[in-house]
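A quick write-up on the structure given underneath.
Order of writing sets the chain letters: A, B and C. Residues in each chain are counted from 1.
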Amino acid sequence: MSHIELLNVSKSYDKQRSVLNEIDVSIEKGEFFVLVGPSGSGKSTLLRMIAGLEEITSGTLHMNGQVVNHLPPKDRHLSMVFQNYALYPHLTVEQNILFGLNAKKMDKKEQKKRLHETAEMMGLTELLKRKPRQLSGGQRQRVALARSVVSEAPLCLMDEPLSNLDAKLRAHMRMEIRRLQKKLGLTMVYVTHDQVEAMTMGDRIMVLNDGKVQQVGEPIALYNEPANVFVASFIGSPKMNMGRAVVKGQQLVVEDSLSIPVEAADVVDLPKNRKMIAGIRAEHLSQVTSDEKTHVLDVISVEHLGNETMVTFEVGREFWTAKWLGQQIVHVGDRVPVGLSVKNISFFDAETGELMKAASSQKQKEGVAI
Amino acid sequence: MIMPLYKKVVLYLLLSVSAFFIFAPAIMALVMSFMPSEQILTGTIIPDSLTLDHYRQAFERFPLLSYLTNSLIVSLLIMAGQLLLSSLAAYAFVFLEFKGRDALFFLFIATMMIPFEASIIPNFQTIRDMNLLNTYTGLSLPFFAMAFGTFLLRQTFKQIPKELKEASEIAGMGDLKFYLTVVLPVAKTSLVTLGVYGFLSAWNMYLWPLLATTDDSVRTVQIGLKQLQSQEQLNEWGVIMAGGIIVVLPTLILLFLGQKKLQKGLTEGALK
Amino acid sequence: MNGAAVSVQSDAADLIEKEKRKRRTKNVLKGILFLLPSIVFFSIFLFYPMIRTVYLSFFLTNASGAPTVFVGMDNFIQIFSAPLFLNSLKTTFLFVLYTVPGTIVISLFLAVIANEKLRGIGVFRTIFSSTMGISVAAASVFWMFLFHPTMGWLNQFLSIFGMEAIGWLTDPKWALLSVSLSTIWMNIGFTFLILLGGLQSIDSYLYESADIDGAGYFYKLRRITVPMLSPTLFFVVTVTLINAFQTFGQVDMLTRGGPQNETNVIVYSIYRDAFVNYQYGTASAQAVILFAIILGLTLLQFKLGERKVHYQ
């Protein structure tokens, strides 16, 4: 059953600057739905419209099948976690957690019960009497989560809740939020600019850019079949390598410098002599022995990450990065043999940026995995 | 940074000389209030004996105690009125969005350009016609609304993250309750600053109490001092100074206690 | 899509529109409600009196201040042809000229020397700001003795050097200067406190970077302190200026406008006409002039100041 449904939702300020354009999406009950996009893409605005903190300029927002455009936030049965946590500085942790229940004048006994359950669950029992400024960033984050949990609202909205934490804690909290959501069966709408967060947490992801929906889908689908150049470069790290490409006879020519032999079957649905953009993931610029090589490329940068090595090559005017397992002995200036196959290349229209043909190898792999 | 010694010496010298000149009138008054009258008349600067006579006489001959009480009541009334009205108005300017808000804000700025002294005649008539002359209400009412206080608190309220308001909206808390239970406690420091400032200004008010009191019933201590000065014989300087010291003591103490906060608060309010 | 569905949708849109409008009206009402107390008080004790003052300035009044005969501009003509009011205007401007620059320069000097990080600086700061806590009445009493012709400290000081005693408050040549001197002293506390706050809010990195460049004390004062302080200075000048035009208490206490009306500043003149002579009409006309001066000055200040002031 769909929990939230947006139909043709748009937002503009002063009837001029349009922030969001005709968003259509439906979010299922119990789903972890991530809104991801660069800053200024409108993702936070969309979340705040769902919360009722921003007016919807046009279109309708449904919750549980009812139109809720006109309802104030408190009648939408939701909780929200803010980027800066929005903890009341003059209240203790306990008072902060109970803030919403108090506002709703809930029975004191019930409040106590819920407080203890939640504090237990979030590991805050020891901290109940402290003020927010006496807490670490991670603890504050937990209080903000607890405030959301204690409300027992079926819908939880989060606006970049992890961006103020350091990398280690962030990774931990990702897991914890995810677990909490599953355990409580919450419908979650989660805003982030971090594609790793989106990929690791979301059941489904909506990629937004410039107020327009770029693609909605499961993380792997977004990775394997990005709907356009924007999604291709936004999802995945390092980003997908891309270059201008054109099919000439039996060759695919990339950036006027790489010629990749193609079979007729590979390019059957691609127009000849048409400008395209070819994209290939870093892990598909394979490391090969000189015998298996298809090309030799110039190394311009090497980054050692310990368990893997990022090698950046020059391809025409583009820099392409390869991700190789283990610690590779490669130096800047080396000419290194690589293997790349047209099966791993996705093709996009150079004019519109839309996907024309996704890499075919992934589909086979998926089949194998299943 | 390390300061060279000669610079330190020059600075301390400048500071001390300045401090002497600034503080001299007050010190003089303090000394004179304890100095026997004969010594005052002979132009003594450092007395060889001290007396409490002047203070006793000041309290005996004038209803100073009742003046002090009046001043305290009026100042507290004005302070409370200003805090309430300013914080309500500042709340509207920061946390409420509505048509015409900017126009109203300009109206508040415009009030800064109307000097109270220029509108004193109708104000006197208003208070007189409302039969509020010689009442605490009449003394304090005209000063409740305060643009400066509104601006100062607006600055403070603007520093409260708007997410706090949004979180309370989601929790279903109304504006009045949010104002009372979140905004006021969070902005406590600024409220204290404004309160001290309002109290100081009210305590030191001169022209309005002069007009709005015609008898001793609610007369403030400032006007009491004026009477002390004009009714006393010229050779009773000790009594007059004792009166002066009594008048400034409460405000000076308040100022010494709150100097740092006051400075920070006023600077913030002054420079949007 | 069939007809029923369309009508259901337009119903929903209607409902949403209605709710939106309702909420906007509610927001306006809520805003007004929070502002209402201030607006009511401003109206009764500021806007209405201002309008009423202008109105009264066109009338003759009876002893209780009720308008009796409409006289048009007569009150204005009368005050501007009377040497008394012209003299009062001149006195006011002179008073402003004496007190404003004096207050600013001295307070700025004090703020600069009190901004150094020295042991015991807090004591000096407290002393410098202390005059803020001293009321006009008390300050006037203190200064009245300082100005006393025989016992006063000032004349005693002069006599040490064998100089003749000055009639500080009784000599027409000196009276206005004396009142100005005491006013500057009263102003220092507040002005100092604000300027010190302004100085302290200047980022210390600016000075550290200048130190590394080897800039001298006065170079830093001129190129960093004054420009960075300009918004504060601007505010302080405006406030001092407006306060100077509204001076009343010290004149009433020290000189009562005398000698020979030499210290009869405009507010004192208004007070005397209205509440001593019961000439509410001409007093109102003077009040209108005062209002016009202050309005003009504030606007001028904003126009001139805005350009020169360096905002961060």
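Structural remarks
Note that in this section a contact is a pair of C-beta atoms (placed from the backbone, for glycine too) under 8 Å apart; a residue touches a chain by one contact, two chains touch by 3 or more.
All of these numbers come straight from a predicted model, not from anything done at the bench.
Top contact pair of chains, counted by C-beta pairs, is B-C.
Farthest from subunit B, judged by the mean position of CA atoms in each chain, is A. Spacing of subunit A relative to subunit C, judged by their CA centroids, is 57 angstrom.
The mean-CA centres of subunit B and subunit C are about 15 angstrom from one another, to the nearest whole unit. Multi-chain contact residues, meaning those touching two or more other chains, do not occur anywhere in subunit C.
Among all residues of subunit A, those that touch two or more other chains are 72.
Subunit A contributes residues 55, 60, 67, 69-70, 72 to its touches with subunit C in the complex. For subunit C in complex with subunit A, the touching residues are 12-13, 15-16, 18-20, 23. Interface of subunit B with subunit C (complex): residues 1, 3, 8, 11-12, 14-15, 18-19, 22-26, 28-29, 32, 40-41, 43, 45, 84-86, 88-89, 91-92, 96-101, 104, 107-108, 111-126, 141-145, 150, 175, 179, 200, 203-204, 206-207, 210-211, 222-223, 225-226, 229, 237, 240-241, 243-245, 247-248, 251-252, 254-256, 259, 262-264, 266-267, 270-271.
Interface residues of subunit A facing subunit B in the complex, by the touch rule stated above, are 48, 51-53, 72-75, 78-80, 82-86, 88-90, 99-100, 103-104, 147, 151.
Across the complex, subunit B meets subunit A through its residues 161, 163-164, 166-173, 177, 182, 185-186, 188.
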